[in-house]
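The structures considered in this document are given below.
Each of the next two complexes has chain A plus one more chain, namely chain B in the first and chain C in the second.
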Partner chain A sequence: MIRRQLRVLRICWRAAVAADLEYRLQFLSAAALSAFWMVWAVAGASVYFRFAGSVAGWTHGEVLVVIGLFFTLNGLRQTLLQPNLELMSDHVRRGTLDFLLTKPFDAQLLVSLGRVRVTNLLDPALGLVLTTVGVGLAGRGVSPGRLAAFLLLLACAAVLLYALTVLLMAATVVLVAAEDLDRVSFAFVELSRFPVDLYRDPARTLLTVVPVAFLTTYPGAALLGRLDPRLLPVAVLVAAGAVALATAAWRRALRTYAGVGG
Partner chain B sequence: MRDTLTAYRGLARGGTLVAVTYRGRLVLRVLTGFFPLLMMAVWLTVVAEGGPPAGWTAGDFLAYYAAATLVVNLSGDHVVWQWDADLRSGDLSLRLLRPLHPFHQYAAADLGQRAVTLVALGPALALAAVLSPALDYPVTPARLVAFAAALVLAYALGLLTASTFALLGFWSTQTANVWLLWWGLGSFASGWVAPLELLPPWLRTAALVLPFRSMMGFPVELLTGRLDGAQTAFGFAVGLGWLGVFALLYRFGWRRGVRRHQAVAG
Partner chain C sequence: MIEVRDLAKHYRVHRRQPGLAASLRSLVRREHVTVRAVERVSFTISAGEVVGFLGPNGAGKTTTLKCLTGLLHPTAGAVRVLGHTPHRRESAFLRRISLVMGQRNGLFWDLPAADAFEVNRAVYGIAEGPYRAALDELVDLLGLAELLGRQVRVLSLGERMRCELAGALLHRPDVLFLDEPTLGLDVNGQAAVRAFLRDYNDRHGATVLLTSHYMGDVTALARRVLVVDRGTLRFDGDLAALVEAHSPHRLVRVTLRAPVPAATWAGLGEPVTVDGAVVTLAVPRAETAAVAGRLLATLPVEDVAIEDPPIEEIIRAVFAHA
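Our next item is the complex of A and B:
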C-alpha cells in the first residue's frame, strides 16, 4: 500500500520537476534570490545586536540557528505545500476535484503532496547551512543526543506544516474561492522567523499555544542543548494531534462537497 | 486632459469596487504584512531588557511602526504585479488599444484600491492614537499637511519606480525577481527593516540620498516629529528629484520597450 503510494508520488514529482526545469533562467534567478533573502534576513536581525549582546537570553549565533530553520521550513512550504494549495483552489472552483476523488488513489495524499515546485528547493539547504554556522558561532558544541532531539523536533515541525495544509485544503472545499488561504500558511511560518522568546507576553504565550514555537524555536533550542526535554513527547503529541484533526476536517469537508461539474 | 481625468474617475471607481468586493482579501493582505510588527516586537524586548537603544523608547517604536504600517499599505508599487501579469498573458495588447496610456490605467485602478485602504486604516490609526496613551504623535496642523504631502509623494514615487521596473518585461521574463531584488535592497534604506536612526552611520547617510526613504521612512519620520524644517525640505527635495529621474527613465523605457513589444496572444 505504502509502496504504491510512494511510487505514484514519485511519478507525480518527476513530471512536476521536469516541467519546472524547462524554465532554467527562472530556476537560476530564483536560486540567486533565495540566497539574497537569506543574507537580507541575517543583516536585518543583526541590527538588534548593535545594541544588545543577547535578546531574551538568545545570542546572535543562537538567533541565526533559528533563522536558518525558518528558511528550511519556509523552503519546504514553498516547495511542497504552496503549489498544492494553489492547485486545490483551482480544483474546487473548476470542479476538477471530482476527477481526483474518483481515482483509485488516496485523494488526500494526491491533493496535498501531488505537486512540487523546484523554485525554492535551495532554501532548505541554505537554511541548514545557516543553522550550522549559527551553531558554530554559539559555541555550545554538538552531541549525538542533541542532534537526535533536533531531528525528531524538525520532523514534528514538518508534520505540523503538513497538517495545516490539509486543514486549509478542507477549508478550500467549503469556502471555494480561497486562493488567499495560502497566506495563512505563509503567516504561520513567517511568525517563526525569530525564536518566540524574543517577543514579550502575551505574544510569546500565544505563539507557543498556536503552536508556532514548535516550528523553529524548539528544534533550534534542542540543537543548542537548551530545550526542556519534557517538550519532546509534547511535540510528538502536538504533531500527531494536528494530523488527526486535519484528516478529520478533510473527511468532513468532502462530505459537504457537492461537486460543481468539470 | 479632461478625458484623462474622466477616465481616472471611472477606473478608480472600478478599483474601489473591486477592493470593496474582495474586502476579505484586503484585510488578509494587511494582516499578513506583519513583518515590521515582528521587528517591533523584538525591539520592545530590547528596550525592556537593556533600556532604550539610541534613545528610542517603547512609545517611539510603537508610534514608528504603527505609522509605517499605514504608509506601507498605501504604497503605490503594487502595480508592478499587474503589469507583469498583463505582459505575460498578452492582456497588455488590449490595454494598448484603449485611448488611455496603460500607465494611467494601472495607476487609476490602484488609486481606487488604495483609497479603500486609506479609509480603513487612516481612521483606525487616528483612533488608536487618541485612545492609547502609548501611541503618541506630536501633531500640529503644519506637520499633518507635510505628512499628507509626503504621503502623496511616496505614493507617486512608488508608482513610478514600480512602473519603470515593470517595463523590463518588454525585454525579459525576470521582472518580478529584479523588482524583488531592488525592493529587498531598498528595504534597508527605506526604514522598513528598522528605523534609519538605528542603522550603521554609513547606511543612514546613503539612505538620505537614495530614493527608498521617500517611499516610507520620510513620511513616517515626519509624522513622528523627528525632522526639523531643513531636514523636511531636504527630504522633499530628494523625493521630487527621484520622481523626475524615474519619470525620465519611464518615458525612455516605454518608447524603446513598446516598439519591441511582440504581443502574446490574449
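Our next item is the complex of A and C:
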C-alpha cells in the first residue's frame, strides 16, 4: 500500500519538477527573491543586537538559528504544501475532486501532496545554512543528542504545517470559494519568524498554545541545548493530535461535499 | 449489479433575496431552504446493461449518479452497487467502477497522456501484463497513438475526451458511469465516442449508466431508459416502449411526382410539414400501414418513408405530461 502511494507521488512529483524546469527565468527570480528576503531578515534582526547582547534571553546567533528555521519551514511549505492548497479550490469548483474521490487511493494524500513546486527550494537550503551559521555564532557545539532532538522537533513542525494544510483543504470543501486560505497558512508560519519569547504575554502564551512555538522556537532551542526535554513528547503528541484533528475534519467535510451540479 | 431503493437526496441551501439590503441582512441572519434533488427513486440494473438516464437540467440525474459512485451520501433510501454501499468508498468497490464526466479532467492536466495513464496504473495497482493489454487495446480503439506523448492540457476537447475514456477504462471497470460524455464535442467526436462505447460494451460486457442531453448518445447506446424529472422517476423501460407510450403518432413522409391540393390529405393524416411535393403526415400509430397503402394506391407517389418522431419531441411530451 505504502509502495503504491509512494509510486503515485513519485510520478506526480517528477512531472511537476519537469514542468517547473521549463521556466528558467522563474527559477532565477525566485532565487534572487529568496536571497533578498534572507538578507533583509538578517539585517533587520541585527539592528536589535547593535544595542544589546541579548533580547529576552536570546543572543544574536540564537535568533539567527530561529530565523534560519523559519526560512527552512516556509520554503518547505511553499514547495510541498502551497501548490496543493492553491489547487484545492480549483478541484472543488471545477468538480475534479469527484475524480479523486472515486479512485481507490487515499484522496487526502493525493490532494495534499500530489503537487510540488521546486522554484522555492533555495529557501530551505539557505535557511539551513543560516541556522548553521547561527549555531556557530552562538558558540554552542552540537551533540548527537541535541541533533536528534532537533530533527524530531523539526519533523513535528513539518507535520503540524501539513495538518494545518489538510484542515484548510477541508474548509475549502465546505466553503468552495476559498482561494485565499493559503494566507492563513503563511500567517501561521510568519508568526514563527522570531522566538516566541520575544513577544509579551498574553501573545507569548497564545503562540505557545496555538502552537507556533513548536514550529521554530522549540526546534531551535533543541539545537542550541536550551530546550526543556519534557517538551519532546509534548511536541510529538501535539503533532499527532493535529494530524488526527485535520484528518477527522477532512472526512467530515467529505460527508457534506455536494460537488458541482450537473 | 445496481440496486436503488427509495433513494432521496436533499440539500440545505442558503437563499438570499436580490439587492444590497438583502445581502447585508443575510450576513446576520441566513435563510435556508431544502432542495429535494432526488425523491424516492427506485430501480435495478443488471450486469451488462446499457441504461440511458434522461431528464432536463436539475432533474436529479447527476445527483443520482453521484450517489451511485459514492460521492454523495443519500439522505434516505438504500443504494447497492456490485454488492457494496457506495458512500463507504471501499477500495474493493472503487476498483470496479469508473466515472467519466464530459468537459472535466480526470487525468492529470500537466502530464503527457502516457504519464497520466501511468498515474492511473499506479493508483489502481494494475500489473504490467494486464496494463499493457488494456492500453494497447484502448490506444487502438480510440486512435491514441499520436497523442500519448502530448501533455493533456494541450489536447483538443475531442482528443482529451478520448484520452479520458482510455484513462477511465485501463483497470477494466465492471460498471461505467458516464455523465454527458459527448458534451461539447463536434459531430465526428460524438460519433467516435459512441462507436467506441458500443464496441467496448460488446467486448467486455461492462454495465453502463449514461446521462446525456444528446439523444443521439442514448439512442445509439441504450435500449433501456430511465426518465427523471424534478427528482422523481417518470419512466423506466425500453426506449421503444417509451416512444410507443408517449407518441401516439408516427410520421409518414411522402414524396410525390407533383404537388397536390391541401384537401387531398383530409382523412389520411395531419400535415406536419409541406415542402412542395414532399409532405410529412402525422398518422395515428395503428393506422400507419393502412394510410401508407391508400397513399400508394391513390396518389402519384415516388417514395414513402415511415418513422417515429424525434426522441427529443417524445421526451418533451413525457415532461409535459408530468
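One rule holds in what follows: the second predicted complex is superposed on the first by the 260 of 262 C-alpha atoms of A that agree within 3 Å, B and C clash if a C-alpha of one lies under 4 Å from a C-alpha of the other, contacts with A are read in each partner's own complex, and residues count from 1 in each chain.
FYI, a contact is a pair of C-beta atoms (placed from the backbone, for glycine too) under 8 Å apart; a residue touches a chain by one contact, two chains touch by 3 or more.
Model, not experiment: these values are computed from the prediction.
Asker: Which partner chains sit in contact with A:L85 here, chain B, chain C, both or neither? Use first/second/both/neither.
Answerer: A:L85 contacts neither chain B nor chain C.
Asker: Tell me which partner A:C12 touches in the superposition: chain B (first), chain C (second), both or neither.
Answerer: Once the two structures are laid over each other on A, A:C12 reaches chain C alone.
Asker: Look at A:W40 in the shared chain and tell me whether it touches chain B only, chain C only, both, or neither; answer first, second, both or neither.
Answerer: first
Asker: More chain A residues touched by chain B or by chain C?
Answerer: Between chain B and chain C, the winner on chain A residue contacts is B.
Asker: If we overlay the two complexes on their shared chain A, which of chain B and chain C does A:Y199 touch? Say first, second, both or neither.
Answerer: first
Asker: Output check: A:F105 vs chain B and chain C. Expected answer is one of first, second, both, neither. What do you get?
Answerer: In the superposition, A:F105 touches chain C alone.
Asker: Check chain A for residues that touch chain B in one structure and chain C in the other, and list them.
Answerer: In chain A, nothing is touched by chain B and also by chain C.
Asker: Which part of chain B faces chain A closely enough to touch in the complex?
Answerer: Residues 24-25, 28-29, 31-32, 34-35, 38-39, 41-46, 48-50, 53-54, 173-174, 177, 180-181, 184, 187-188, 193-194, 198-200.
Asker: Can you list the residues on chain A that touch chain B in the complex?
Answerer: For chain A paired with chain B, touching residues are 25-26, 29-30, 32-33, 36-37, 40, 43-44, 47-48, 50-52, 55-56, 180, 183-184, 186-187, 190-191, 193-194, 198-200, 203.
Asker: Can you list the residues on chain C that touch chain A in the complex?
Answerer: Contacts found on chain C: 11, 58, 61-62, 66, 69-73, 89, 91-92, 94-95, 97-99, 101, 104-106, 108, 110-111, 115, 118-119, 122-125, 179-180, 211.
Asker: Can you tell me which positions in chain A touch chain C when the two form their complex?
Answerer: Residues of chain A touching chain C: 4, 7-8, 11-12, 15-16, 19, 94-96, 98-99, 101-105, 255, 257-259, 261-262.
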